[in-house]
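The structure's right below; bear with me while I get my questions together.
Which chain is which? They are A, B and C, in the order written, and residues in each are numbered from 1.
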Amino acid sequence: MIRWRRHERADITERFPTESLEGPLLEVTNVETHFETPRGVVHAVDDVSFSLDRGRTLGVVGESGSGKTVLSRSVMGLLPKKHVIREGSIKFEGREIGSASAEEMRHIWGSQMAMIFQDPMTSLNPVMKVGKQITESLLYHLDISRTYAAELAEALLTSVGIPEPKRRLGEYPHQLSGGLRQRVMIAIALACGPKLLFADEPTTALDVTVQAQILDLLQEQQRERFMAMILVTHDLGVVAGRTDEIAVMYAGKIVEKAPTSVLFRNMKMPYTEALVRSIPKLSDKSHTRLNVIPGRPPPLINPPVGCRFAPRCPYAQDKCVKEEPPLRESDVPGHKFACWFPVGTPEGRDALERNRAAGVPAAVGSDGAATASPNSSTAEVG
Amino acid sequence: MLDALGTILGILLILVVVVGVLGVLALALGTRAGRKKLLQLIIVLLVVTFFSFSLLHLTPGDPARTQKPFATEAQLRPIRKEIGLDKPFLVQYKDWLFDFVRGDFGKDYSTNLPVKDSIGQQLGISLQLIFYAQFLALALAIPLGILAAYKAGTWFDKIGNAAAFGAIAIPPFVIAFVLIFYLAVQGGWFPTQQYVAFGTDPAEHFKHMFLPAVSLAIAQIAIYMRLLRSDMIQTLQEDFITMAKAKGLTNRRILWRHALRPSSFTLLTAAALNFGALIGGAVVIEVVFQLPGMGLGLVTAVATRQYSAVQAYVALIAVAFVLFNAMVDGVYSVLDPRIRHARVAAA
Amino acid sequence: MPESQPPESAGTALADEMGTTGLVADAFTVEIAGVTAGVQPTRKKRLGFGAWLAIVWLVGLIVAAIAAPILPIAGPNETFTSIQRAQAPFATISTPGGGTTTPFAEGHLLGGDRNGHDLLSRAIYGARNSLIVGFGAIAFGILVGGLLGLIGGYYRGRVDAVIVAFLDIMLAIPALVLALSLTAVFRGRVPDLWILVIALAIISVPVLGRITRANTLVWSEREFVTAARAQGAKNWRIMTREVLPNVLPAMFSIALLGVAVVIAAEAALRLLGIGLSITDPSWGGIINDGRDFLTQGITAHVVFVGSAFIFFTILSLNYLADVVRARFDVREAAI
């Protein structure tokens, strides 16, 4: 039986009693994260809510700049204190941690919640041996001897699929390949058996062939440990078969959230549709034009009043620019979206037709024909 | 006679230099760049010793008479022969060089003692001073630098930076006088000058060396601290630091175990290369505190016009400096790929 | 600064950042590194409060030094019996009439030194010496060293190799030791002030040469130089019209720091008591004068006055060097 270190035991049982075995593991409500910069306040995360049960996976999808990385770090509490405003409630196992101090959070980090970062080359300490980076976490949180920690580390490396684990323990990160480094990072994150894992673009820096392996590994570990996971990525393909629920983020807000299969079958938000369409398909002939979403996400300093996707949306109408659509539930329970003229509805189809007829520059229409016409003037408003 | 600590330090240093030079030689003969370096080294050493040697002739007046002004011509004749003034210039240089390499550093004609008798102890004292100063400087600069980086941007940091800036601006001898006045003369805690060997009385030894070492160290502390702070601020923004935080480790652990090592490159390089500055500074400090080291020896020799001794002092100091630098070079070219790798990786 | 090749030596490892190369490192590089570490480039057009203070001090000093003979102060070698024994401005001294007063009241604003000289006067006349030595040595260093560095950095190849070798050799002897040797060589043949200027000028040549060379190397690789060459411009013209104007701003900051270092070195040399004249006033000389009284506990005043002048001058120069560097140091990332 491995026990927590004395400095942790008391606090953990005190702060996080097992009373809250029912109820979601993580409950995020109306979280906002703003950065104070010399140019103004950047609203990186705006009114985001979701909840996650044990053993389930949430995928958070969005372009760069959508706020998804800030969200994961904000929920975990890793953002610096200076010039950062965090609002809203974050409850872990029923206990509010949004306002916890770093001192308190240290009991959670590593042992209850862990994070895997995007680039394993920069996320691993380049001058520290791999083994030490794993055992450090173990020795800090658990009441075990050094030799046992080393054994555990070796076992961990094996469990993440690293061959010759004993040798690897004594190597430096730059001696390993990208895929192996990512596995090491996973091993470090999982070392103390956390209940929740944040995977922040875990495969972006890897070769395509390795990506699938890593994702499989994550899924396997998650199943074995009954661990909840938040998978943050810009790549819809990554979350397609591996998540229970997907939240699509745009410009700091969640614009659509649904169980995975529902999302892909029945997407309502035009942005989601555009994302799905932008995935190149094997069945496409060579030289098929890739479908892109023209324009850029809005600046987050003075966000526009209406729907933030309006400038780039083929369905956009006047109402979209003036009023921001609220996140509302569709007829399918658990499916929330924010759009005035959703995809697949009569209003949506009409809106699209109207735009086409008027020759308003469009992104990708629902028939897949791309007319690239940069709508730069409206896209730049900010 | 070398005193105990000076002996240990001296032997250590000689060992390090020998190992370093041998190591460099081994590497050098292997690679073309190394051979080129070795050639450069030899040329520099030759030129430097040549310059030192020529000082005797460049200085005004007759070389023998300036060193022994009240002697008669008859008394000067054996001295001229001793110095070799009857021989052609280049032959003199060759002879002098051979003597130098074998440890015969000429004679001080005001005391009629061979220079090598006094140089032993002087070398020890100077080394002690430099070593203590560097040790103090690093021991204080590293925690201060870490703290400043950790608290970057706060009032603590701003004050620290301003203080460091001011400290660099104060010449070591000014600091020395301030310390002497307040701590030695008025406070009476430390002696104002002189030297006590470690072998004679360890406590007194450190008391006598404390103010000199501190005077030298203060500017270095400021420089090292700023270098470390600057590098560490950058390192702290790296991903692996956030990762360490996400592991739940304490800030102290992250700063000392994770952030320090990748940030110490510039600092260590500066510390290694700083011996030149310290040599110059040590000369002045020795004079201020009347510590009988190489610096005081050189200054006295110049003041009393003992140019034969000056030859030896200048040559010795310069050769040591060049060899030390070459050794640091060699060490770096060995360590370099890994350091560079870590640096590039962390960048 | 070029980071494309692995550094050749420890000197280059640190020096890469500061822009010098060679077999032997120099202390000035380390000091520059320390002074400028962590300086952020700024876009601010207006000078800060500190910068103005520094400018006021320096300009005031220069003006006072130039105008010294016509200023309403005592001569530097005049003795006043009332202030013998190094009186601080507000110490009590007895007047011939039997009363008491302070040196300050008698017009000796900074009091007097051991021999009864007015310290303010000695300090101002000393400023003349120190400033001449400082600016003179660095001016020479920039002219000669800068020229060498410019040529070496621009032409590269064998010319550069020779120049680097030459500079390296000059750096092989630690600065102060070299200065001492040169002092011994020139002593008696040349007025003391010139000894110092020559010695410190010679020392500053290799240091400034290296830095110029490194900066020239960087700028010579830029495309506008290749473009100029392609248009048939002569090398000399390219060097002066294209490369030099870009190298100068960086050198300006280094020059200010250099003057500060030289002033400190000059004071140190005077302090060492190697026979430089004691009647010719200088800051180092003032400190040397007051030394005994300080160690005997009588008064620290004289040493304090000399030190204060040195300190404020060096501080001002360092500060301005920082300001100049922050303004003109164009970092790629900031663009």
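We take it that contacts are C-beta pairs under 8 Å (C-beta built on N, C-alpha and C of every residue); 3 or more make two chains touch, one makes a residue touch a chain.
This structure is a prediction, so every number in the text was calculated from the model and none was measured.
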| item | value |
| --- | --- |
| Graph class of chain-chain contacts, one of line, ring, star, complete, other | line |
| Farthest chain relative to chain C (centres taken as mean CA coordinates) | A |
| Highest-count interface - the chain pair sharing the most C-beta contacts | B-C |
| Length of the line joining the C-alpha centres of chain B and chain C, rounded to whole Å | 22 |
| Distance from chain B to chain A - Cα centre to Cα centre, in angstrom | 55 |
| Complex contacts: residues of chain A adjacent to chain B | 73, 76, 78, 82, 102, 106-111, 114-115, 117-119, 121-128, 136-137, 140-141, 173-174, 185, 188-189 |
| Footprint of chain B on chain C - complex, ascending | 6-11, 13-14, 17, 23-27, 29-31, 33-35, 37-38, 165, 168-169, 172-177, 180-181, 183-185, 187-189, 260, 264, 267-268, 271-275, 287, 291, 294-297, 300, 303, 307, 310-311, 314-315, 318-319, 322 |
| Of all residues in chain B, those that touch chain C in their complex | 33, 37, 40-41, 43-44, 47-48, 51-52, 55, 58-60, 161, 165-166, 168-171, 173-174, 177-178, 180-181, 184-186, 192-193, 222-224, 226-227, 229-230, 233, 265-266, 269-270, 272-274, 276-277, 279-281, 283-284, 287-288, 298-299, 302-303, 305, 307, 310, 313-314, 317-318, 321-322, 325-326, 328-329, 331-333, 336-337, 340 |
| Chain A contact footprint on chain B (complex, rising order) | 153, 238-240, 242-251, 253, 257-258, 261-262, 341-342, 345-346 |
